[in-house]
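What follows is a set of notes on a single structure, which appears directly below.
So that you can tell them apart, the chains are marked A, B, C and D in the order they are listed, and the count of residues begins at 1 in each.
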Amino acid sequence: MKPVPLILLTGFEPFGGDNINPSWEAVKHLDGELICRHRIKAIRLPCVFHESLAVLTEAIDRHEPVLVLCVGQAGGRSELTLERIGINIDDARIADNRGNQPIDTPVNASAPAAYFSTLPIKAMVKSLREAGIPASISNSAGTFVCNHVLFGLLHQLADISECRAGFLHIPFAPEQVISHPGNPSMALETVIHGLRLMLATAATTATDIHESAGVTH
Amino acid sequence: MKPVPLILLTGFEPFGGDNINPSWEAVKHLDGELICRHRIKAIRLPCVFHESLAVLTEAIDRHEPVLVLCVGQAGGRSELTLERIGINIDDARIADNRGNQPIDTPVNASAPAAYFSTLPIKAMVKSLREAGIPASISNSAGTFVCNHVLFGLLHQLADISECRAGFLHIPFAPEQVISHPGNPSMALETVIHGLRLMLATAATTATDIHESAGVTH
Amino acid sequence: MKPVPLILLTGFEPFGGDNINPSWEAVKHLDGELICRHRIKAIRLPCVFHESLAVLTEAIDRHEPVLVLCVGQAGGRSELTLERIGINIDDARIADNRGNQPIDTPVNASAPAAYFSTLPIKAMVKSLREAGIPASISNSAGTFVCNHVLFGLLHQLADISECRAGFLHIPFAPEQVISHPGNPSMALETVIHGLRLMLATAATTATDIHESAGVTH
Amino acid sequence: MKPVPLILLTGFEPFGGDNINPSWEAVKHLDGELICRHRIKAIRLPCVFHESLAVLTEAIDRHEPVLVLCVGQAGGRSELTLERIGINIDDARIADNRGNQPIDTPVNASAPAAYFSTLPIKAMVKSLREAGIPASISNSAGTFVCNHVLFGLLHQLADISECRAGFLHIPFAPEQVISHPGNPSMALETVIHGLRLMLATAATTATDIHESAGVTH
């Protein structure tokens, strides 16, 4: 009997003074679920440069997933945004949860400048929009721990074609914007619904669709 | 036996090319509910200058509410916003649902320039924020049918101290921003939860709290 | 020989921690200029509730202007915005320059709820746009000293039909947004150019044009 | 006698329905100027995939610059933004000026995923801010012709260490936002002043400064 293929889903611990991180609040709800005959394994990453990647690498080695989706908070964005690319740079505006604040240092000095996500991001955005969930492609995951994890993840998997991987940024949860006034938010239920749709699409889409989602700048 | 006091809650029909208006979608869920010993009566207003007020006036005359909260869609806003003031002007950027597009004409030529909402708006915002729902005071309801209804409502009730009234603007629903990309949205569940909290606060607060919620411009 | 009619133009002193206030930087450049046979008198108002109005009233009494345009800074706006209405409320988010922070108190307890600007604001916006200067109508001057001055000014002149008056909000100057990152700005030269155009239009336009400039909310 | 080293400065022709492109309006003013003993050569690029790069390559071959700064319009941004990275993808939301609309195709199928700008972008941003000009680092040049040119430029120069290169995005000109209402703008004079400062800094800075300018997402 073939084992059930596994999807590794990660969220982050809170950072930057917030009490919660909506990425982990959403992700943990899906732990153990079966989506399109794939089992979800949810884990929480520390919001710390390098340590986050160590935890992620250990989980990949242990669970041998066929798909990895890392999820992080993008305060200020109003949509679910699937990242197109991870870049080989750490440039921290604030300190991480261990006090590290690297400036213009590579994530990995012996790695290329960037990797493109290997998820069918256009098809995933389409499935979200068809369900009435605001979504788009993002062309920058920033230069903090989220991009660090995305780049490190794609570098690690660069030669393992069996496992596809990428990153999703989500808005603040409504309760967070009480102390971040003026920012958009998204209900946890919407994020969880979106995660199920995206993972179903990713699990069943071998080749991404050919549809424009570019920006002029 | 004293009759149960009534709260009149209104939403609008869709306008401006949208298929739904989240104000009516939310409001209709509360029809018939009992909140702090007040019965909710929900009605839908046409998005038409003057006709909207005629429907509202007829409902006030029939139901003799102690509280009126009109709700409208404010595409682009990210919070529940309670309006502070209605002003005596119609200046329509787009036509209403009957093709009317008044420009710089008073709502009522024999009425004053403006009326302040008589709801405890600061207490209502506070109760929302304490529940983790993004909310703030707005100092302009615009110059379209929403402001028209707010001004007409307050003018009609100006001499009836027993009935307090005001206006709430709500964000787009998530599904609407698929065709209004880049705009913030709010889940229907969050809006409905917020409505219950606001009405409970309004029903039980005689005098508004003394708390700054101003803006420099 | 008839005396030259006078236009009173006011700007504000800095507030809220800024070193400059672009309203005074722009306004002072026009002091003494002749625009369409009107002499400009520029004065600086303190950013203080009531004291600002005392200074303004004194200047109106002394100079007997035919036109008054008060100018203030609206950090975060990207255009020149002509205010449509002043409302009878002080609700200060921050303290003024003398430490006053009124909350929900009327500017004048014996005055009406609001006054509309008596300037030809639609014609003024049109003249700006035709010259390539970003401009629009605003329906709220906020609840701080700017609105306080606008309301007090219009109340004082309510029975003096010979003098028309209103308020203009301007964006941050470019140098200010270094410490207010992410905000739009406008070059001082553009503001000064705009002021000349607006004053020329106001001085020569008896009746405002009939053109929509409304907002749905 | 040593020849004067040359800085190649490029702007774009208008696109997307606009009558002007502020990048060319600004850049052409500096043609022939001497900045820190470097001569400026300004050329205009077509807003066309590949054709833009052909024109740029021809100019580099002819003029043998020591520095190349390509400038493009980023409608909606409020600051001068120096791009950190160019990525190997064309994904056009709109057609270019020849009707090409590539979707998810590489700029160059045999090139790496991305290149980092070789300009001292942190030092350049610092010199702008010290002069009161709004500026920041951007981590995405989009997926249209601007990014196409940046990526192609950096790929071409990847093995030529003597020539440093990068890309600057600038806001709309004020006159453009009349037809793009609500967007920030920047006066042409401010952009030109900023270009002189940036080129002086780039020409005289061998190693970039170590200063955080990152974003969390």
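To be clear about the criterion, contacts are C-beta pairs under 8 Å (C-beta built on N, C-alpha and C of every residue); 3 or more make two chains touch, one makes a residue touch a chain.
If you're wondering where the values come from, they're calculated on a predicted model, not measured in any experiment.
Path length between chain B and chain D in the chain contact graph, taken as the least number of steps between touching chains: 2. Averaging C-alpha coordinates per chain and comparing to chain B, the farthest chain turns out to be D. At the chain A-chain D interface, residue numbers used by both copies make up over half of all numbers present, so the two copies contact each other through mostly the same positions. Annotation: 30 Å between the Cα-based centres of chain A and chain D.
Centroid to centroid, with C-alpha atoms defining each point, chain A and chain C lie 48 Å apart. For the pair chain C and chain D, the distance between mean C-alpha positions equals 38 Å.
Of all residues in chain C, none touches two or more other chains. The complete set of chain-chain contacts reads A-B, A-D, B-C, C-D.
Those residues of chain B lying in contact with chain A across their complex are 78-79, 129, 132-134, 136, 173-175, 177-178, 181-187, 189-190.
Listing the residues of chain A that touch chain D in their complex gives 16, 72-77, 84-85, 87, 89-94, 101, 103-104, 112-116, 122, 139-144, 146-147, 169, 208, 210-217.
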